[in-house]
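What follows is a pair of complexes built around chain A, which joins chain B in one and chain C in the other.
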Partner chain A sequence: MTETLKPENADQVLDAVKWAVSEATPLEVRGSGTKEGFGRPVQAGRVLDLSGLAGISAYDPGELVLTAGPATSMFEIEQALDAANQELAFEPMDLGSLYGLGEGTGTLGGVIAANLSGPRRIKAGAARDHFLGFQAVSGRGEVFKSGGKVMKNVTGFDLSKLMAGSFGTLAVMTEVTVKVLPRPEKTRTVLLFGADDATAVGALCHALGSSFEVAGAAHLPAAVAARSNVGYVRDAGTSVTAVRVEGPGPSVEHRCTALRDLFGKFGPVEELHSMNSAALWREVRDASFLADDWIEKQVWRASVPPMQGAGVGAKLRAALGGEAFYDWGGGLVWFALDPRADAGAAEVRAAINDCGGHATLVRAAADVRQAIEVFQPQPGPLADLSKRVKEAFDPEGILNPGRMTAGV
Partner chain B sequence: MQMPEPDQGVIDRRAEIVAAMRAIVPGEGVIADDAMLKAFECDGLMAYRQLPLIVVLPETTEQVSRILKYCHANGVKIVPRGAGTGLSGGALPLADAITLGLTKFNRVLEIDYPNRLAVVQPGVTNLGITRAVEADGFYYAPDPSSQIACSIGGNIAENSGGVHCLKYGLTTNNVLGVEMVLMDGTVLRLGGKHLDSGGYDLLGVLTGSEGLLGVITEVTVRILKKPETARAVLLGFNSSEDGGDCVAAIINAGIIPGGIEMMDKPAIHATEEFVHAGYPLDVEALLIVELDGPKVEVDHLIERVDEIAKAQGAVYARISNSEEERAAFWSGRKNAFPAVGRLSPDYICMDGTIPRGKLAHVLQRTAEMSNKYGLRVANVFHAGDGNLHPLILFDANQPGELDRAETFGADILRLCVEVGGVLTGEHGVGVEKRDLMGEMFTEDDLKQQQRLKCAFDPNHQLNPGKVFPMLHRCAELGRMHISRGQVPFPDIPRF
Partner chain C sequence: MSIPSATAGAKAPGSVDDGLLDVLAQIVGAGNLSTADAVREQHGRDESYHPSAPPDAVVFCISTEQVSQVVKACADRRVPVIPFGTGTSLEGHVAALSGGVCIDLSRMDSILTVNAEDMDVTVQAGVRRKALNDYLRDTGLFFPIDPGADASLGGMTATRASGTNAVRYGTMRENVLGLTVVMADGRVIRTSRRARKSAAGYDLTRLLVGSEGTLGVITEVTLRLYGIPEAILAAVCPFPDLESAVNTVILTIQSGIPVARIELLDEAQMDAVNKYSKFDYPVQPTLFFEFHGSDAGVREQVENVKAIAADFGADDFQWATRPEDRTKLWQARHDAYYAAIALRPGCRGIATDVCVPISRLAECILETRKDIDASGLCAPIVGHVGDGNFHIIFVVDPDDAEEMARAADVNERMVMRAIAMDGTCTGEHGVGYGKIDFLTAEHGEALVAMRAIKRALDPLNIMNPGKIVRV
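Coming up: the complex of A and B.
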């Protein structure tokens, strides 16, 4: 049983990291532990449990900015934002269902450290685009900050971008500031039934290339659609392609009509209103189609040029069997396969190489994640630069060693 | 402004360096003639001038790589330069450095409508991207006011904003990928036609790095379909406080306008005299609020904004009813800098960002400083995101006025930091705000940023003397004193 250090404030985080450096004892940095299965397993002498650094320290809805401890639960964040009719526009994914854990248990720091974004990524940007600044302790055992608590800032290097998606390997964040935005007044979803993957992705890209400000664009092949809890989707008996529009009432109605016309050329269409629409996009966001009796399947998540999405999905199915579904207008391919010792890594990399992009093994047993590259392998010079960046923050390899790449 | 001491050894080797550069870049791409170098002696921050050692204008990535490799091996510094429109002196030459101009990288390489992106060379202007795609109804969203001249490579270096970035984001939110060259000549690709990064987000940190991390040789940006329509409303208030409250009320009502700009009375008067935009002259603060999107949405929201403004005490309101009228509303704001420039022989433009709620306080304090320094100031404000541009008027021919104006400007930026804001919202640090970095950052903050720099450029050869007030050697920055086994176990809860 690994001993856990549980600092209660930023000073204690500093003490813990300084001690770890002096003892050459790596730390596994942890918020609430919901993303333990994401990335490579960390071999560390101690767990640094940040759950004591929780709570919203500043939130003025009029400023569109929120500052909180890194371990503040997403449930608490969402409750506070809800009360002011605001939200995190990047629609952070909740990994709970994918890993068979409860919902809302992830932390804000974890969402940032994994750069988790949902369906609205295509319109509003990723977690990294809404991450304004932070305080942290580097792997050198030094306190530093970057960014700020205002929305527009180019003072110094934008280290926030680097921290987002670094999986705790560069520094331990002790305070984070994010941009928040008003919740859209109204949301509706237009569904297209029966399109094959290629036709669907073409239709989605067409919609995204329109001026109708599409805020969600997903395609569920029949086998995946059948796993939805939304009746219209589950009982369709065929594939379901969905676009979401949000905004003031009259605008949403106008754009829905236009998108129904656009989709109507490809097959029968339907419209989902508030409750059903929200439920469907929550499923897409959390990839919850891949939960329950599919929980044993291994899951890849690939970001590719949108128009190439269907082709990547076809190649993966041909090489490995399994099921795919698509978000981000085809640009995000979720792929689930029956467990293999190598998780089909070579086939996945080959499918991505042809079009450019990156794939991450999001769910697999620890020994599989230990044995293969979980994140996209980088060409030599880029890998070297990434290693130098790691060393610039954590020269002794104290923080989450091996989480992203073996030996880094 | 203290710049790093030029290396006389490099200056003495000038002829040899010119020959080496001519072997890489044939023809007129190597400029060594003093009269021609004069054109490169400053960027948009014209108070500082310095002739470069030489200027090199490569045309291919391979040439850039060979130039940097040579400079890396021979200890020659590089100042990258796009169109030279930057306002913070990021492209200010150094006497012992090659100014590497990217203007010949001016081609649009690929337009991919289905994937909604464009691949361009870094010397293509910001507006050039929109021009290349507008016939098909698309555009590139970030729109810095220099967009007709500034280059996309420079936009990435500075993470440029514009009047529409509250809704559409800054450069960093609209760039998908780059090809770049490290100081040692290594060519790298970051990002591509897909979203997000599979490893560390080096593209994110390159954006806004002011030419200190690498030289960009190709850029992939997101393009968007043009909104169906846009309308603007002019709103006048009896105080900037009322104006600021109105902005907050609009946002609190859940409306994110495409653009939301504020001007104070001096700025209103200066621009009205210059372009006759039809602005009211008897108000203390003027807001331009622009809504864009489907016509039905814009018509709906503009009425709501009008209602909110009236409830917030607007004393003047005029909604645009035609494209001409909308353009007229903007013409004043877009010409604010030259208009204010007409009032005075010289001006400097500051660029702090503040929490919006502090606006009235900051304007009040700025007015007090204006009296103290005996210099006039006009304010334009990206009101949606809190980015304030005080324009300080002075006459460089009056002894001491430039110094006084700069001290005044520094005081304004200190005030921005004091109220919870930052030194620069979109213009960059460059040399202009370099020595104020300590107002916002601790020594450890700045050292950590420089360690990142060392990972890209270990000998500080790329754009030295910019952004950081003090240059530390990378070996010194990397050194770590480790008291192995001597730090006591921390007194914190454990399980």
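Coming up: the complex of A and C.
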């Protein structure tokens, strides 16, 4: 059992990191631990448990920003936002069900550190686009802060963007500020039944290119649709393609009608109202189709140019068996396969190589994640650059060593 | 103004000698290398009031490969490299503070690939914003970021440009998908490909967006595109006073109405616009709006905004639906700077640029307006107020030291006020060397991290030295 350091505030985080630097003792940076299965296993001398840095420190709905400790649970964040009828527009995914853990136990810091965004990313942008500022302790044992509460700034290098998706390997965040937005008044989903993957992705791209402000575009092949808890989807007996529109009532009605017409050219259509919409997009967001009795399957998440999505899905199934489903209009391919020692890494990388995508192994046993590259390997010059960035923040390599790639 | 010295910045030891000029001529051809005074002078100056600093030589490159060779040749001799797009920056970004070689990218003006279905485009760095949109017109797509100037997309990326459309479409940082960059040692990297970024190493794309040429030379940019909206509607509406105009903006944004543009011009600026662009708008604080979306969506946005404005005593909306009317209306907004300067012939304009949290916007603008009035300066206010960002255009006589000092005083008070309100000293113009000292005031601690990055990626300090952070 690794010993744990449990700072209660930012000063104690600084002390802990300074100590780790002086002792050359690597730290595993941890919020609530729900993303332990995401990334490579970390070999660390101590766990730096940030759970003491929890709680919302500033939230005035009128400011459209929220500041909180990194270990504030997403449940707490969502509750506070709900009460003011606001939300995080990037729709952070909850990895809980994918890892067989509870929902809402992940932390805000974890969401940012992993740059986790949901279906609305195609419209609202990714987590990093809503991440306005932070305070942190670098691996050099120095306190710094960047960004702030403003919607835009151009004050030097955009350190927030660097911090988002860095998996705790550059600095330990002690405070996080994110942009929040009013929740849309109404949500509707238009479903198209029976389209094959390629037709579906074509229809989704068409919808995304329209002026109907689509805020979700997913395709579930029949085997995945059957795993939904939404009746219309589960009982369709065929594939289901879904687009979401949100906003004030009348405009949602209008856009829904337009999208039904557009989808109607490809096959039979149906419409989901608020409750069912919310349930379906939560499933898409959290990839919960791949949970429950599929919990043993390994899961990849590949980001590709949207129009290539269906082709990539076909290649993956041909090479490895398994099941795929699509979000972001085809730009995000979720793929589940029966466990293999190498998780089919070579086949997955080959399938996305031609179209310039990247694939991440999101779920697999620790020994598998230790043995292969979990994240997309970077070409030489880029890997070298990443290494230099790592050294600039954490020259001794004490923060989450090896989490992203061996040596970084 | 607190005008920074044009010689600020670390002195790189290397200098441009005949040996280097020979090498450069071999790389780009003698005809694409210039040491002429006029050419050097033009390349050391941007649109700001900051003293210019000409480079020792200018090379006109036509490919990433050429840029790479030029940077290598300069790195070998520790000679500074300054990238140049169109020279429309506003904080002395292109000034060759330590001499060196300016790489002019304007001839790298090819649009490389348009992926209409995936809604992205890859361009060379020298392609200008308007040329791209002209090219895209037939595809039904457009690139929304509009800083006013017809800047190059490479320059807009390097300065993380934004502009009037940022409320709905974001800034360059949300819309750059990938880059080709020549790093300080001449190596060429491609930061990410066309797929949306999701966990594949650090986000080097966004690190380079806004790095102002201090980490590398951007030679190609992949951008996100948008469908041209089904309906576009623009309007101008005067308000009884500044406060009601700003409060209308705040409430519009807080209600989540997805306006494409919402711009504030105070009465001094409206007066200038009327005179300059031959309009007869009421000389009152005025909001310029643009709505994008489906027909029904636009109608609904308009109804909601009208209701809010009415609560603040404004109901005289003038609408522009025809494209030519819209163009005229926005041209008037974009000409604000020139219109302001025309108020006092022979004077210069100094544009400032702060950004505050939306809830503090009214307070910040009103206090600043009071300051201006008390100072007796000619200084209209304009702003992309939808994201909390606004500018004062000081129209000043550069030879009048006392007047310049008064302007500097108002500016400094405004910047410190913004910073005290959790705001920033620059919402969109960037740091260059003009704001380098304000940056220290705003977040000194972040500079340590920025300096470490600068040292890690440009150990010789040859990439646009003396900008953003001094090392």
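Please note the rule applied: the second predicted complex is superposed on the first by the 408 of 408 C-alpha atoms of A that agree within 3 Å, B and C clash if a C-alpha of one lies under 4 Å from a C-alpha of the other, contacts with A are read in each partner's own complex, and residues count from 1 in each chain.
Definition applied: a residue touches a chain if its C-beta (ideal position, glycine included) is under 8 Å from a C-beta of that chain, and two chains touch if they have at least 3 such contacts.
Source: prediction; values computed, not measured.
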Combined model on chain A where chain B meets chain C, clash or fit: clash
Which superposed partner A:K186 touches (first chain B, second chain C, both, neither): neither
First (chain B), second (chain C), both or neither touched by A:R317: neither
Chain B versus chain C as contact partner of A:S251, first or second or both or neither: both
First, second, both or neither for A:E396, with chain B first and chain C second: first
Partner chain in contact with A:A114 - chain B first, chain C second, else both or neither: second
Chain B versus chain C as contact partner of A:T360, first or second or both or neither: both
First (chain B), second (chain C), both or neither touched by A:R349: neither
Which superposed partner A:R301 touches (first chain B, second chain C, both, neither): second
Which of chain B and chain C A:A16 touches, first, second, both or neither: first
Contact residues of chain A, present in both the chain B and the chain C interface: 60-65, 115, 121, 125-126, 128-129, 138, 140, 142-146, 148-159, 161-162, 164-166, 170, 181-182, 184, 202, 205, 208-213, 247-248, 250-251, 254-255, 303-307, 328, 331-332, 355-358, 360, 375-376, 378, 381-382, 385-386, 388-393, 404-405
Touching residues on chain B, where the partner in the complex is chain A: 112-116, 137-138, 158-159, 161, 165-166, 169-170, 172-173, 182, 186-190, 192-205, 207-209, 212, 225-228, 248, 251-256, 293-294, 296-297, 300-301, 353-357, 382, 385-387, 420-429, 433, 437, 440-442, 444-449, 451-456, 467, 478, 480, 482-495
List of chain C residues in touch with chain A within their complex: 115-120, 140-141, 159-160, 162, 166, 170-171, 173-174, 183, 187-204, 206-207, 209-211, 215, 227-231, 250, 253-256, 258, 292-297, 300, 304, 355-359, 387-389, 422-431, 435, 439, 442-443, 445-450, 452-457, 468-469
Residues of chain A defined as touching chain B within the complex: 3-8, 12, 15-16, 18-19, 21-24, 49, 52, 60-65, 85, 115, 117, 121-122, 125-126, 128-129, 138, 140, 142-146, 148-162, 164-166, 170, 181-185, 202, 205, 208-213, 247-251, 253-255, 303-307, 328, 331-332, 355-360, 375-376, 378, 381-382, 385-386, 388-393, 395-396, 404-405
Contact footprint of chain C on chain A as seen in their complex: 60-65, 114-115, 121, 125-126, 128-129, 138, 140, 142-146, 148-159, 161-162, 164-166, 170-171, 181-182, 184, 202, 205, 208-213, 247-248, 250-251, 254-255, 258, 301, 303-307, 328, 331-332, 352, 355-358, 360, 375-376, 378-379, 381-383, 385-386, 388-393, 404-405
